[in-house]
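What follows is subunit A paired twice: with subunit B in the first complex and subunit C in the second.
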Partner chain A sequence: MFKLFNYLRSPIEKGAMIFVVFIVFIALMGSYLAPHDPYEANFKNTLSAPSIDYLFGTDAAGRDVFSRVIYGARLTLATTLFVIAIVAIIGIFVGIISALSGGVIDNLLMRFTDIWLGFPPLILALGFAASFGAGMKAAILALIFTWWPNYARLSRALILETKDKDYILSAKAMGVPNLRIIFSHLIPNAFDVLFVQISLDVAAVILVISGLSFIGVGAQIPLAEWGAMIADGRSASKAWWVVFFPGLAILLTATSFNLIGDVLRRELDPTLSKVKNEKPS
Partner chain B sequence: MKNLLELNSVSVRFSPDENDVIDNLSFEIKKGESLGIAGESGSGKTVSMLSILGLMPQAILNGSAKFDGEELIGASNVVLNKIRGKRIGLVLQNPFTALDPMLRIGDQISEGLISEGWSRRNAKNHTINLLDEVGVPSPKERFFDYPHQFSGGMRQRIVIAIALSQDPELLIADEPTTALDVRVQKQVMQLIKKECLDRGMGLVLITHDLGLISNYTDRVLMMYAGKIVEDSPSKKMFENPLHPYSKGLIDCLPNLNVDDQKFLTTIPGNPPQSNDFPNGCRFHPRCSFSNVDCKVIDKHPPLEKYKWGSSGCIHVKELF
Partner chain C sequence: MSFESIKNISLYIIQRIVLTIIALVVLSFITFSLSYIVPGDAALVAAGPSAGKEKIEQLRVEMGLNLPFYEQYFVYLTKLSRGDLGKSWFTHQPILNDIKDLLPASAELVFFAMLFNIIIAIPLGVLAATKRDSKTDFSIRILVMIGAGIPIFWLGLLLQHFLASETGLFPIAGRLSFSNRNFEGSTGFLFFDSVVQGEWGVFWDSIWHIILPAFTLSVLFIAVITRTTRSTLMRALEEDFITLARSKGISEYRVIIKHALRNALVPTVTILGMQVGWMMGATVLVEEIFGRPGIGKYAVKAVTQSDIHGVVGVVLIVGIIFIFSNLIVDIVHLFLNPRLRKNSIGNL
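What follows is the complex of A and B.
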């Protein structure tokens, strides 16, 4: 953990790393940290300014914004990780099949991928929302359907590059079965690039989910979701805290994950020298 | 002695409407024999050995290649996987690319054993003994190191350990020393030779270094443009080659004698590509012995027994 800090060059990167650790901690421990129930409405105390008791103030229904931001961290991170995990698994699976089979199957899979790549997530989310109601389900489905093609294309390119390497030939010459070659050689060698893509996509998915919730396609109030909270707070023009704190949470989280993604890209970039701690032999 | 590997008129092409890159290749390797395959780049040395093992997916093969009585050409991957690694080991040319940079070398060596069904513990012990045997110092610690932590010579030892891990009966070494410096070349070749003798293992040494052929093999096949042009015992080939091409290659070897002021001889021209093989003998445009006869014979002259070996040249008598 502390070794990781050696790779962070500027105070901004260190700050981003600290924030990522912090927000993950908040997401995990949220229910113990939140002072109030995030869904408990109190109509006697609506739109009250930040105070000792209500650190970030209260919203139009008198719910504690501080607790809602804390709960929102868990919701946002869990959804994002879920979406990325599904998307990466589907994409890598399609990419590997495409790269290894080649010919007609490769062509069919890649054209199929291109078709999905053409769908904007927003339009698809609107479609899903129209057909079975707006909610997190619509946002998540829209994201999964539109995001996997990126991973399919990326992993196909990576596998194509790796599959003709000498060490793959060597493994085949050893009689290692194909499935084992995929898991012990092809995927590990593609993983550094895929991992950078994943860490950069975390920020992008957070933004898209919040954005969809903001325009009313994704999470619905009273669900404690940052985008939905901002949308909810727009009507109360004088109560800046209802919009400001969830907005700040989105900004800091997305920026931090993006910065960490950049750090990972810099450190794992295959074009940069990997021989940093070579032993003499 | 029994034939370990027997090739019978094997032809290889890379696309149905192209010429054969390997044309009617026939030879056999006896158990424990060490055979050198020599020739210029592009003469089909590597292609012939890799394609019969099914390691060149785009190659179209014809003919028959039997390993210990079992047909390799057209065999399924399942059948081939029982032979690859377990009965035929392969050492690749470049140790810098033949090891997976993301995998600990111990895991790479034991990979073949584990996919054969060995337990992790047994495979690890076997691997550590193997590392010791091929001369990697402190094998217990280095089991956990990654390839980039080794020098070129050490890496080639590891590649050899991988090839030996399943105790094959035949070792195919594809230019095992080309990427190494001269001092390390000798160590690596001596290691290969020692392992072959200790295990009674056959060796196919693919190389363009005639020095290695003379020192480490019993028999040599000279290949030119996808054809075998000479098949002789190695020592005899250097005393008196049976083909003008072999003679040409031997004359190309640099001489360290400083008084000898003559320029290094070369064979004029370049080897032909598979899409424009010359009529008649494929070597005749570059051959100093060629005459009208070499062009009119409608096929490349077949190998014929002559004295101690076989030659694919109609002028073989003029070489004496």
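What follows is the complex of A and C.
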């Protein structure tokens, strides 16, 4: 973690890192920081402009937009991390099986991931929502269904690269059990690159989740979710703050994670540095 | 081209076609599961709340719900092969007809978004790669990060508010102005039909209406293509044949455009092809904001009306577009990249 700070080169990268730390802090401590109850409606104070009391104004039900944006950070980040954890586990599992078994199984698994790789998650989520009913569940399921192939591909490639290295072979020769080799050598070895992928995926997953909530498929109003808040604010076109601040929160969070992911890729991803240093053959 | 490479190419294409068929089967199985298996008792829903037991039982037999799972799937496939996607609950039309009517509007939007994507992203990528590590490169990188981090539905709302509602520079919504509302063409692509009929007013009107939504749709994709072009061009510029071309005294412009870019664009073309499917999917975010009657707006409406078959119809159509655009890209890729032609079989 401290090493990460040394990687940052420009003020913008430092700013992004500070924002990431800040938003994680907000997500963890939101309930102590929010000045108002994010769900408490007050019909005497609807759509009031930003003021000292209500920093980001109030929405059509008189709820405090500032407190709702703060609560939204926890919901968004928690959902995103949950999705990424699941897809990474599924993907790494499939990738390891594929890489270690080789032959027909490898071929079948990889062709199967090909089919799924990049299937538009937004559209599939609509299907899930129509079937199971709209809600975060539909959004999360659709993301899991469409996202794991990235990790399967990546971890397969990483394992293939390391599994015939001398130290793995000698560990095998010494009779170290296969599972132990997988968990204490192969996975840790792949971790840097997987971590880069994870940090880059955070932004993409945030955007999909908030987009789904915006079209009414993910989080449902009055849940304090950024995308759902933007959808809710559309009807009041004069009250720009209801739409503006949640969107800004998404923009800053996603862009900061993108920048940090980019920095990590620059510093950690060996495939990139190979391109930089090696003479092309 | 040698016999060996022709054999390799045909083997590769056959393999890709088999994969495409498998992908279509998987897709149909998913849409089948979504529409028939998951929603509980479809007969109960169709019969309505006041229906008696016999009525529900009768409907169950009529809808084939008493059949075993695989037989139901088979019935579903036969229906699909006839183009029968069911009836929409809110338009009361066969879903395939609805989608046929709406698809041109979405395809038009994707076409223009792709146009923006190509004319903005590729020059930006080239600029960043040739001015590597300069201020320009850095600014483009920040733009890319923002482009990949901005929620496009929010951007769409802001653009609509500031450039349409407030200032009137662009129309707020729809595909055409009110005065042109009776225009009809044979293909449904307004910019094309209007030119065919010589209606230049309608042509400019349709272009005017599509700029904001198409730009909104393209932003995320521009970020991706800019990045890809930058990194592949940078890699290409380090290759030996570029050094050779430079040492021959060919102008830097020609080196970049004629020699390096041609090689660098191969991966970019692949990604552009995959983006067609993603853009079709992302129309659900944009069409509704800009009031464009396309399949994205239709799907969102169908979800809010709990019209399962309408939604699943769109899932199926977008899925098919995605699968086929990938097949086309893979085949185009084969002809762009001579190395792949030789080695493709070895890596399968």
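Here is the rule we go by: the second predicted complex is superposed on the first by the 265 of 281 C-alpha atoms of A that agree within 3 Å, B and C clash if a C-alpha of one lies under 4 Å from a C-alpha of the other, contacts with A are read in each partner's own complex, and residues count from 1 in each chain.
Convention: a contact is a pair of C-beta atoms (placed from the backbone, for glycine too) under 8 Å apart; a residue touches a chain by one contact, two chains touch by 3 or more.
The structure presented is a predicted model; accordingly, all values stated were derived computationally and were not measured.
Legend: residue contacts after superposition of the two complexes on their common chain; A:Pro188 is shown touching subunit B, with no touch to subunit C.
After overlaying the two complexes on the shared chain, residue contacts for A:Phe214 are found with subunit C alone; subunit B is out of touch.
Shared-chain residue A:Ile18: touches no atom of subunit B or subunit C. Of the two partner chains placed around the shared chain by superposition, neither subunit B nor subunit C is touched by A:Leu28. Look at A:Lys165: by the touch rule set out above, it reaches subunit B but stays clear of subunit C. In the superposed model, A:Ser10 lies in contact with subunit C only, and not with subunit B. In the overlay built on the shared chain, the residue A:Ile105 is in contact with neither subunit B nor subunit C. Contacts of A:Gly175 after superposition on the shared chain: subunit B is touched, whereas subunit C is not. Ranked by how many residues of subunit A each touches, subunit B and subunit C are led by C. In the superposition on chain A, the residues of subunit A contacted by subunit B and by subunit C overlap at 275. Residues of subunit C touching subunit A in their complex: 19, 22-23, 26, 30-31, 34-35, 38-39, 138, 141-142, 145-146, 148-154, 157-158, 161, 165, 220, 231, 234-235, 238-240, 274, 277-278, 280-282, 284-285, 288, 299-300, 302-304, 306-308, 310-312, 314-315, 318-319, 322, 326, 348. Subunit A meets subunit B in the complex at residues 165-167, 169-178, 180, 184-185, 188-189, 191, 274-275, 278-279, 281. On subunit B, the positions that touch subunit A within their shared complex are 50, 53, 55, 77, 80-86, 88-90, 92, 94, 97-103, 107-108, 111-112, 115-116, 145, 148-151, 154, 159, 162-163, 165-166. Across the complex, subunit A meets subunit C through its residues 10, 12, 107, 111, 114-115, 118-124, 126-132, 134, 203-204, 207, 210-211, 214-217, 227, 230, 234, 237, 240, 243-244, 246-247, 250-259, 262, 275, 280.
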